[in-house]
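Beneath this line is the structure, given in structure tokens, with notes to follow.
Every chain is named by a letter (A, B, C, D and E) in the order it is written, and numbering of its residues begins at 1.
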Amino acid sequence: MHLVLFLIFALFALAGAVNLLLQKHPINSALSLIVVMSSLAVLYLLLGAEFLAMAQIIVYAGAIMVLFTFVVMLLNEGREEKTWGSHTAKTLGFPAVAVLLAVLSATILRAGRHYGMISLSDGVTTTQELSRVLFHDLLLPFELTSVLILIAILGAVALARKDNGEA
Amino acid sequence: MNDPMLFLPLIPLLPLLGFLLNGVLGSRLPKALVSAIALIFPLASFALVARAAWMVHTGLALPVVEHDAPAWIVSGAMHIGFGLALDQLTLVMLLVITGVGFLIHLYSVGYMEHEAGYWRYFAYLNLFLFFMTTLVLAANFLLMFVGWEGVGLASYLLIGFYIDRKSAGDAGKKAFVVNRVGDFGFLIAIFLLLANFGTLNFSEIAAHLATPAALSGGTITLICLCLLLGATGKSAQIPLYIWLPDAMEGPTPVSALIHAATMVTAGVYMIARAHALFDLSPTALMVVAVIGAATAFFAATVAMVQTDIKRVLAYSTISQLGYMFLACGVGAYSAAVFHLMTHAFFKALLFLAAGSVIHGLSGEQDMRRMGGLRKEMPVTFWTMTAAVLAISGFFPFAGFFSKDAILAAAFEQGAAGKALWTVGLITALLTSFYMFRLWYMTFMGQSRARGHAQHEHGHEHDHKQAHAHESPWIMLTPLVILAALSVGGGWVGMERFGAFLAPVTGKAANAGDAHVELMLSVLAVLVAATGWFVAHSLYARSESRGATESLAGPRRVLENKYWIDELYIACVVRPIEWIARYVLGWIGELVLVRGSAWLLAGIAGLCGEWLRRWQSGNLRSYAAWLAAAAAVLLIFVLAGTLLGVGGFAQTLSWAVR
Amino acid sequence: MNTTVPAEWYLILSAALFTLGVVGFLIKRSLISIFMSIELMLNAVNLSFVTFAHEWHAVKGQIFVFFVMMVAAAEAAVGLAIIISIFRARGTLTVDQIDLMKL
Amino acid sequence: MDNVILSLILLVPLAGAALVLLLPERGKIPAWIALLDSLFTFACTLHLPAHFVSGRGGFQFEENVLWLSHPRISYHLGVDGLSLWLVVLVGLLAPVGVLASWKSIQKNTKAFYSLFLLQQTAMVGVFVSLDLMLYYGFWELSLIPIAILTAMFGRNLSEASATKAALRFFLYTFIPSAPLLVALLWLYAHTGSFDYAALQAAIASGSLPGWQLGWVSVAFLLAFAVKVPVLGMHGWLADTFSEAPVAIAMIAAGKLGLYSLIRFHVELFPALAREAAPWMIGLAVAGILYGAMLALVQRDFWKLLSYATLSSLSFCTLGIYGFTLSGMNGALLQTVNEGLIGAALFLMLGVLYDSARSCQIASFGGAAHRAPRLAALFVIASLAMIGLPLLNGFVGEFLVLSGTFTGVGKGWATAAALGVILSAAYMLRLIQKIFLGEAETNSPRIRDLSWQETCTVGVLAMIMLAMGVMPTLWTSTMEPALQGVTQRFLTVDQAPVSAAYGAVTSASTGEPR
Amino acid sequence: MTPDIFRIFPEVVLTVVGVLVMVADASMAPKSSRRPLGWVAAVGVMAALAASLWQSTLPAGTAFFGTVQTDAFSTFFHVLICGIVLVAILLSIDTLPPDKSPAQHHVGEYFALMVFGAVGMCLLTSAVELLVVFIALEISSISTYVLAGYRKQTGKGPEAAMKYFLLGSFATAFLLYGIAMVFGATGTTEVREIATLLPAARSHVFVLLAFGLMMVGVLFKVSAAPFHVWTPDVYEGAPTPVVALMSTAPKVAAFALLIRLLYGVFPLLHPLWMPLMWVVAAVSMTVGNLAALRQHNVKRMLAYSSIAHAGYLLAAFTGSGTEPIAAVGFYTAAYAAMNVGIFALLSAVGGYDERRSTVTDYRGVLYSSPLAGGLMLLFLISLIGIPFTGGFFAKFYSFTTAMQGGAGWLVLIGLLNSGIAAAYYLRLALSIAQPAASSAKAEGLSSVGVGVTLAVGIAALATLVLGILPGHVLDAAHSAAQSFAAVHGF
């Protein structure tokens, strides 16, 4: 069961990711990304992280991707043009990516034997546990996030507003 | 130490004082004062020398060496001081230098009266006396070298006295540089001496040489040849004589003093001074003799065709110096010095008389435009006649005695000596010929003056005097005195002179067979007479001068002085310039020095440009760079462990899990 | 039927998604798509975090993911604002045309 | 007084520089401050020879204060016979430089004089530092004012060649000092000290790894050789001479590099310096002839002077690497000579250049008519340069050559002595073309020396004469220090030496072998 | 027991000031001048600086459940970062375009962003929990992304921000992946726990991978080659006062992080990262200097030079013991002083709208405004590394450290590089010192206000003090290194 679910959603995630790359229109890419994120949410569930699965759907697929699609619409960005601006990206980038993948997977395969098997019956992290750590041990980063968000808002306002006098 | 109160340091220092006074203040002083300063200090020096001579005459033991002289250059064991020494040789030289020197100063007062740099001239002249007296008074080689270089400087300054005349500057430069070549030899000799003897003092070196464990012949020969190179430079011998004819660009009294009577004889003095060394090296002596004979002959041939009165005298000087070298070469040092002395008298006289002629003709130097001056300038004529007779070697003029001594000494030196003697005799013939040629062309016949000449005497003489005029008495007085010396200077006699010098120059040339000597003397006079006769037949009447035109070929060779100057330029000057300009300037400087720097900078620049090209501005390229860099970094970090590569995995043996 | 999946499979998936994100950065022409590729990379990392959190039974890993989401949200806000401003300034989002500064 | 005198010499120019910067640039205020300041400094430097105890070995007037404890760097100053006269020379050249700039620098005088005084501090610092890091600091610092002043006040600003010259000068000297710093750091890493005496002892003890030490000494040598400059590394010289303002050009070459060669190469690495000696001697002799021959054919008098300088500096190098007392004595004396003569020549050529706006020799002629004082003093300086006896140049050259002759080889000395002939040729050619002959078209613009300039050059000429007549005044203080150098060299290497060499060393150290 | 809040007191102060500025900006009349906000921010940062200094009286210790650590190390960098931000703010007060100009800027937000950014940078130096590290890094990054794009009108500004943002996020993803891996290997993200657990990690290969990935992220932040590609473009596009800040403060913080990672997290990997640092240092110096050699745009040139300086800094890591930490600390201080100084003058002389951009544009500055020109020379001399300036001592100390660690060749490469570097620095310096061509712009400074004067004065003073009397700062750097060593136990 776990294996089937994993395989299905892993495939979904990969397919979504590949589709993200193949689609020429940003909207389609965004939709593909949502597929990836949703698949990942399921995988999180499989890994016993139900809170994160929810957050993944709500924050990522919901809030962030909505923002993306909104901007795509706002700027009325059409299909990607076929440009060949970067030679380097191909000649240097692709070998590099291949190496990256090779190194990462080789490492994981080599280290994998030290890690166990995951099954559905493994415990699920409760939100209570989560919040205890979040609001106690990691109080400082949590508070810091507020500063981060503040900066983000501030920055977004500063950059995105029009500079023609009216504030 | 017995201090005979000779005040030796004052002899050079007094003229130096004159130089400083005139040199610094001269431009602001009235002419009379400048003259007074210029005359008083040499006169005082002369007085000191004369006093010393008198003291010697009355029994002062020579040599007198100053032992407590101040140190000059001290380094480790090397100690060179300002030591002065007076011995017989020095005394003779000093008498000539200060005596003749003073006379020429006196003459100059008249001769240079109208010149712009009057004060400068006398300053230089005093400077010359300072260095020349230093040269002969020096007790060591290095101090001698001071004087040696110093007289070169004074000569340079005086040759180039007419600063607006380019040829004068060229001549001065040439004189200095050619002399430097000789000085180079002298310097090397000094180093050799220093290295081998550890001292430069004449007396100490002589003491070293006297010991049985003296140096091997090779080193001595080398030292002698180096010294000889120096001597040929200063005394205008082959191969370095080329500067002297050009040096006639200077004012005529300078030619008389420096380029005839004193400075150019420094080489002879030096060889005589270092005779202890030369005596140990027959090879070196032979070279000296050959150089002397060759120079004597060679210069005499050139002198035969010169038309410039001063150039004739210049080549004559070279030739006469050759005699002195010849004498040194055959070991007759005292004869050489004797000839040096008499030569100083008559050659100074010749020059001064020539100067008087030039003065009288408002600067004309070309003999083809002279003639018939016998009447206009009687005093000059008669004094000149005395000098001509003296240089030609007529009895009983001074030249006869000294030249005779040299030829006799040569004759007694075996087969080689005979050959040298022959050359000397032929040279005597030529000497007599060219001197009388000069005499006839200048004083006899009709005047061929055309005016417009302002060769030496500059702008003051623009008011052309139609007739030549006799010089003022301030110029004639030295002429008369010198004429007297030219006539009677030789009566001292070689034997007495040689005996006087013997403590310095070693044994006098042992008198040979009296009959042979007499024969030789007679022969010499006959030869001189022959020269006179030839000159008379060719030049007594002006119209017959064309007779020599028949010998056009040799004449051209001689008139061009064998193209030696051109040869030097082509073989020495041009190659050096060529190498400097093209080999060093282009290959060395541009290619190697500049080029290497440019190359390095260029490589760095190209690398920079190449690196800059990475920065294409394209975001995706940048990402590619980052990805590639990340990949490389990961490989760097992980490859060793993943692939289990030997050494690397070992260092991180920890990481195999 | 309670099959198990080795943890390394999750990790491999994570690595693959991460690499695809890198590829996306390299080949996408639109700035927005590139930005999405970065989000993909972050998601891939998140998967690793969750996997490891599961392996270690450590909550911290999950919380890390939570924070990454926060940061992603903040980045999204700023990033999209930047994209808007660049669109205003240049009228395009094609990355190959935005190379005013180079060399 | 004795224990702060060096600091005083070091800091008074610096204070002067600050004062120049603070006061307004009105009229001649900066120039006067600089002049007074440099004269005061000169007076201070005269304190050194006056109170120097000649016989005593080691350093005198020492000051030693810990500057930084970690890494350990001290403010350690001191002079010995080697540096004594160089400090005085720098002290003398400062007012000379100010006077030389009196007329030619009219704008931005604040910048000029403050940087000029800063330069003086740096140069004095190089000579008196006994901590190698401090030394290195001054060494590097001395580059900056030269470069900036060349760029600011260079002759051909419009063609930007002044900037290029400044850049070239800087890079030529700066890049080789990188290996020098590496070498210093290496020494520090292995000894834990930058102190001169400590390093000397450590190197002499032979405890440092050998082949690396060899490279360290090469790094030292390279940095100094460029600064001297030795043949092949002189690429900056001609440009700097052509472009830099007179007061700067006259101090750019020679002193610093030569001093450093003796102090920090020969004295610090006696054994290794010995190995380098054949190369250095070869380069020196080649440099003498190369420079002289190129000087012979130059059309531009700055270039001529630069090649002439190369030639005469090569004499110093020759003297140093002959390892004979005479040679070293001569080299050090010649270093001072070069400073004096160069200053005088630069000053006078600068006047010529400024008044005629040309450095082409051919465009001059007959200048002696319009500028008799200039001509006379120029001839004197030239004669000193070409080594006329009784002027200083001769003593130096003679000592160097005699040392070389006995200590190195007759052939080398003879070849070097050929330079004496050539030097006469090029200097007299210069004199003749500029001062003699008929007046050229631009000669009416030539002015004679002003009274300040006459006095300045006159004083320099007097010193040249004094040094030529009484060199013992100078050598007697130099010699003990140099004797130490040659002595150390002897004790370090007992390898069999040639007979001639042995004879010389025993002669020069005054001891039987 | 020190209350936790004191451990983050400077950050708290900064946050409060940031909020204050932000709120004040929002509540001020739209047309009124925002300049006073700059002064408020400056005073606030000064207060934070004081707070940082005050922190040095606290005993070393952690707070917030072991997520932050204050000790001499963090204090050193806090003071440094606050100082840089202070100078940058002072500088901005005068050089930003006036409020009334057409290119009106949101000055209030600008200052708030600077102050908030400082919070992140400061925290980065004291964080001992990777989560805090991550968030602090993001805070500092996002604020600089935004600031880099502040000149929206030019087209270059947004491009700079875009490049910086996307590449920065790209690199952050790698860093994050690395954190995930280290978490995977040890099960924790707390620095000291990781260090103790590392030898017993589940998979050592993951540790290596984690290390590699984190290095990608950090080396990007310090703009070391070959992760430097963003630097020139971003420096060119960003406003000059911002470059003054972002070329220094985030780098200082990133270097503190690098120290934390290398010595705190991965001391075990020393045999691995030492050669890595060697290579990266060598490559950074060479690439940076060579590329700068042919650069005409001054800001790009200095961008490349900052890459080279990163290389000099990294060279120190090849040293042994605690020396490298002290050397890095000192270097960052000196580098900050001279770099802030030169960019401050560039913005004062070149103007916000960059009337002068190429090297030749700076001809004659020494004549039109002698003081500014002279100080530019001073900073350039320091950048070259001439003794008696901070730049020299920094380089000297860094290389001494490397030499003591046995990296002789690296030192040689480094110093030869500084020779090359002299070429382009001097080109600018000589251009400044050269008289301007008659037709060239002869205008003087665009704005000489109290702010700029103070900013440049502080930078110049710091540069000189660090060069002539570096004793105190060296001592501080040493005690920082000591306390760091005490905390992380090596």
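We adopt the following convention: a residue touches a chain if its C-beta (ideal position, glycine included) is under 8 Å from a C-beta of that chain, and two chains touch if they have at least 3 such contacts.
Quick caveat: nothing in here was measured; it's all calculated off a predicted structure.
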Query raised in the report: Looking at the contacts, which chains touch subunit C and subunit D alike?
Result: B, E
Requested in this report: Determine the chain that sits nearest the middle of the structure, using the mean of its CA atoms as its centre.
Outcome: D
Query raised in the report: Among the chains, which one keeps its Cα centre farthest from the Cα centre of subunit A?
Result: B
Report task. Compute the distance, rounded to whole Å, between the mean C-alpha positions of subunit D and subunit E. Result -> 43
Report task. Round to the nearest whole Å and give the separation of the Cα centres of subunit A and subunit D. Result -> 70
Query raised in the report: Using mean CA coordinates as chain centres, what's the subunit B-subunit D distance in Å?
Result: 35
**Report entry** Gap in Å, rounded to a whole number, between the CA centres of subunit C and subunit B
**Finding:** 95
Report summary line: Going by residue number, subunit A touches two or more other chains at 85-86, 89-90, 93, 97, 100, 103-104, 107, 110-111, 114-115, 137-138, 141, 145, 148, 151-152, 155, 157-159
Query - Residues of subunit C whose C-beta touches two or more other chains - result: 11, 18, 21-22, 25-27, 34-35, 51, 53, 55, 60, 63, 67, 71, 74-75, 78, 81-83, 85, 88, 95-96, 98-102
Query raised in the report: Considering every pair of chains, which are in touch?
Result: A-B, A-C, A-E, B-C, B-D, B-E, C-E, D-E
Query raised in the report: Can you name the residues of subunit E that touch subunit D in the complex?
Result: 366-367, 370, 374, 377, 381, 384, 386-388, 392, 396-397, 399-400, 403-404, 408, 411-412, 415-416, 418-420, 422-423, 426-427, 429-431, 433-435, 437, 470-471, 474, 478
Query raised in the report: So in the complex, which bits of subunit C are touching subunit A?
Result: 1-13, 15-24, 26-30, 32-33, 35-37, 39-40, 43, 46-47, 50-51, 53-55, 57, 59-60, 62-63, 65-67, 69-78, 80-85, 87-88, 93-97, 99
Query raised in the report: What residues of subunit B sit close enough to touch subunit C in their complex?
Result: 612-613, 615-620, 623-624, 627
Requested in this report: Please give the residue numbers of subunit E that touch subunit A in the complex, ascending.
Outcome: 8, 15, 18-19, 22, 30, 63-65, 67-68, 103-104, 106, 109-110, 112-113, 116-117, 119-120, 123, 129, 131-132, 135-136, 138-139, 142-143, 145-146, 149-150, 152-153, 158, 161, 184, 202-203, 205-206, 208-209
Query raised in the report: Within the complex, which stretch of subunit A touches subunit E?
Result: 103-104, 107, 110-111, 114-115, 136-141, 144-145, 147-148, 150-152, 154-155, 157-159, 161, 163, 165-167
